[in-house]
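Heads up: the structure comes next, in structure tokens.
Chain IDs A, B, C, D, E and F follow the sequence of writing; residue 1 opens each chain.
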Amino acid sequence: MGTVPLLSDEEVSASALAVFDDIRATRGNDYINNFWRALAHDPITLRATWDRLKDVMAPGALDPLVKELLYIAVSTANGCSYCIHSHSVAAKAKGMTPEMQTELLSVIGMAMQTNGLVTGLQVEVDDVFKA
Amino acid sequence: MGTVPLLSDEEVSASALAVFDDIRATRGNDYINNFWRALAHDPITLRATWDRLKDVMAPGALDPLVKELLYIAVSTANGCSYCIHSHSVAAKAKGMTPEMQTELLSVIGMAMQTNGLVTGLQVEVDDVFKA
Amino acid sequence: MGTVPLLSDEEVSASALAVFDDIRATRGNDYINNFWRALAHDPITLRATWDRLKDVMAPGALDPLVKELLYIAVSTANGCSYCIHSHSVAAKAKGMTPEMQTELLSVIGMAMQTNGLVTGLQVEVDDVFKA
Amino acid sequence: MGTVPLLSDEEVSASALAVFDDIRATRGNDYINNFWRALAHDPITLRATWDRLKDVMAPGALDPLVKELLYIAVSTANGCSYCIHSHSVAAKAKGMTPEMQTELLSVIGMAMQTNGLVTGLQVEVDDVFKA
Amino acid sequence: MGTVPLLSDEEVSASALAVFDDIRATRGNDYINNFWRALAHDPITLRATWDRLKDVMAPGALDPLVKELLYIAVSTANGCSYCIHSHSVAAKAKGMTPEMQTELLSVIGMAMQTNGLVTGLQVEVDDVFKA
Amino acid sequence: MGTVPLLSDEEVSASALAVFDDIRATRGNDYINNFWRALAHDPITLRATWDRLKDVMAPGALDPLVKELLYIAVSTANGCSYCIHSHSVAAKAKGMTPEMQTELLSVIGMAMQTNGLVTGLQVEVDDVFKA
């Protein structure tokens, strides 16, 4: 139902298949989700997106679970249903408990609310917040 | 420059001043930022928003710093300049290091990018993500 | 500071000036706000936008003040600062009281919040809501 | 298909059931829609959201039907399909006629259009709109 | 499943049918897509929208295919699934190749990403960009 | 006034300076705009963003001017003021005429409008658009 067909392993180019192989090896399982199968029509964007995603979501100053929660927060504000579903699964795999999920949602709801209030009021940024 | 004037302590109602007092006591300093001074035109919404914010952002399954990062993520996706400024200051006060901030930004950028790709491709949610 | 210069009465084409004349006559005052002066680079879009706006915002099943409130609500969700300012002024001119403005804001804040909760939860539409 | 299962009356906590009871009493019918059944995983957010919603949407300076129209306007700008469906049903129950609905839509469409034009042109706010 | 029923040729008013006739004549085929059948509840908005769309999307300084690509870009950023589907079909009919579609998507993804980075960083507009 | 200070050539790391050098060489002028000076706090994201941007915006099946127009369209829908300013300048440098700019804006306005109408009506995707 998408704007391009999903590509099977047999249908993708060799360079796209190499990305699929890396996804499989990195994740330790064989499943390639629909996003990558749609993106495989463009092996260069597929490679660039996967390589950058792998780097960005790796452990660093923020741990991978926090990064997944941030991903869900952005995707929710943008209304990306696919992204919310896929990253909610990823977050659970990385340890998101039901308590964390409900707190995540309450923060998202709160932020959305005050975003609306601030914007409707057109509040100017305090001088002490600038620097 | 907002759509309502900011109210000084002298101009707000007694019920709004009681909220200001609670904000000061909770934060341990005297400064009331512009958002609350604009919202004070409506003491009921002021009270409801502050009380709920205090609960939502309190330590729980997620720590307060992570909650601030989530707030920035949502506010960025929604383009709320005031909220980004105020919660970036709050996040730094709660321990956000420069390294955390750059990682936060790279996750936001990545999420925005794949939100756009997924939406443009209209990728259907994988069955394994539903449950 | 915009992406096109604002055009004075002397700089616009005859067809754009005719729209300015209609704006002045309709509103009963001489001031032409910046939006129309920017849009005047394209007299056809200027004409189409003004004519349609005049129709849409006219009294009908909904009164003009309610239409201004709806305009502010959409503009707030979209983060259009100019639109919020200009339609807040228009709403006040049409009778928006401070009480109405605070209720408008509290509805916007509430809707933003539940939009975020519903989207984060990916709640399916109830069968009873479909029809 | 959501990110959490919907909870039946038998599955929710006592405090969540008390909110369901209040929803039923307030609305004068037995049906609890999916949003509340999803939110019931977090009884505190359920209670806070329902209590605040009830207050915000009550008759005041704006009548409840106008508030429903505003809710639809915000939800449309944010692309919240569930919210549009549920609040369109609520608006009809409160008296939204087909004529009101078509005018609501034409205002939303108009606001979206000029939001885009103003933002693309980066029009500066007129001094007369600031105050 | 929409908020209004789709209207058949037999159900629409004479003025709405005249718009359908013009759509058919302009496009050179008989099919009227769901958007117009939903909008036909409001013959005035139907007429205004179709007339303006026909003008805006006609050949000009930009060719019609580029205009379709722009339409898809805006619709993707706004998360309008229907619009992405219908304008992707229109773009293909006007000559969008698979290579163009993948480049379109990579530009959308890139723009979304830097929109997020710029907004999160709250970068001020360079003086040289103002004029 | 951003959330991080802009970095001068003297303040950035060697790896960030190498990116600045590449930006200068690619563009054939010495000016480094604020976005890159803000992003330079994170040399890895700076490098990844610049390298990918250079590839995505290069001539291909779509010409560079069309890509700039698409960038403006997405940035407008997302309300990214900085991005609209910087890419409007870039588009003019690549040949955007005033006529193209006004048509770009009218397409953006039209798309925003029908995005709102379609979403408010919750129109279902036609079967003929799925494939």
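Methods note: a residue touches a chain if its C-beta (ideal position, glycine included) is under 8 Å from a C-beta of that chain, and two chains touch if they have at least 3 such contacts.
As the structure is a computational prediction, the values presented were derived from the model and not from experiment.
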Chain labels contacting chain D and also chain F: A, B, C, E
Chain pair with more C-beta contacts, B-D versus A-D: A-D
Most widely separated chain from chain E, with each centre as the mean of CA atoms: B
Angle of the C-alpha superposing rotation, chain B to chain C, to the nearest 5 degrees: 120
Over-half contact-pair match to C-E, picked out of the listed pairs D-F, B-D or D-E: B-D
Distance-maximising chain from chain A - centres being C-alpha averages: C
Chain centre separation in whole Å, for chain C relative to chain A (CA means): 34
Whole-Å gap between the CA centroids of chain A and chain F: 21
Intercentroid distance (Cα basis), chain F paired with chain C, Å: 27
Where chain A touches two or more other chains, by residue: 1, 3-4, 44-45, 49, 52, 74, 76-81, 84-85, 88, 102, 104-106, 108-117, 119-122, 125, 130
Arrangement of touching chains [line / ring / star / complete / other]: complete
Chain E residues touching chain C - in the complex, by the definition given at the top: 1, 44, 48, 52, 55, 125, 130
Parts of chain E lying in touch with chain B, wherever the complex brings them together: 72, 76-77, 79, 81, 84-85, 104-105, 108-117, 119-122
In the complex with chain C, residue positions of chain B that touch it: 3-4, 41-42, 44-45, 49, 74, 78-80
For the chain F and chain E complex, residues of the former touching the latter: 1-4, 6, 31, 33-35, 38-39, 45, 49, 52-53, 56-57, 60-62, 66-67, 69-71, 73-78, 80-83, 85-86, 88-89, 97, 99-100, 102-104, 106-115, 117-126, 128-130
Contact set on chain C toward chain B in their complex: 79, 84-85, 88, 98, 101-102, 105-106, 109, 116
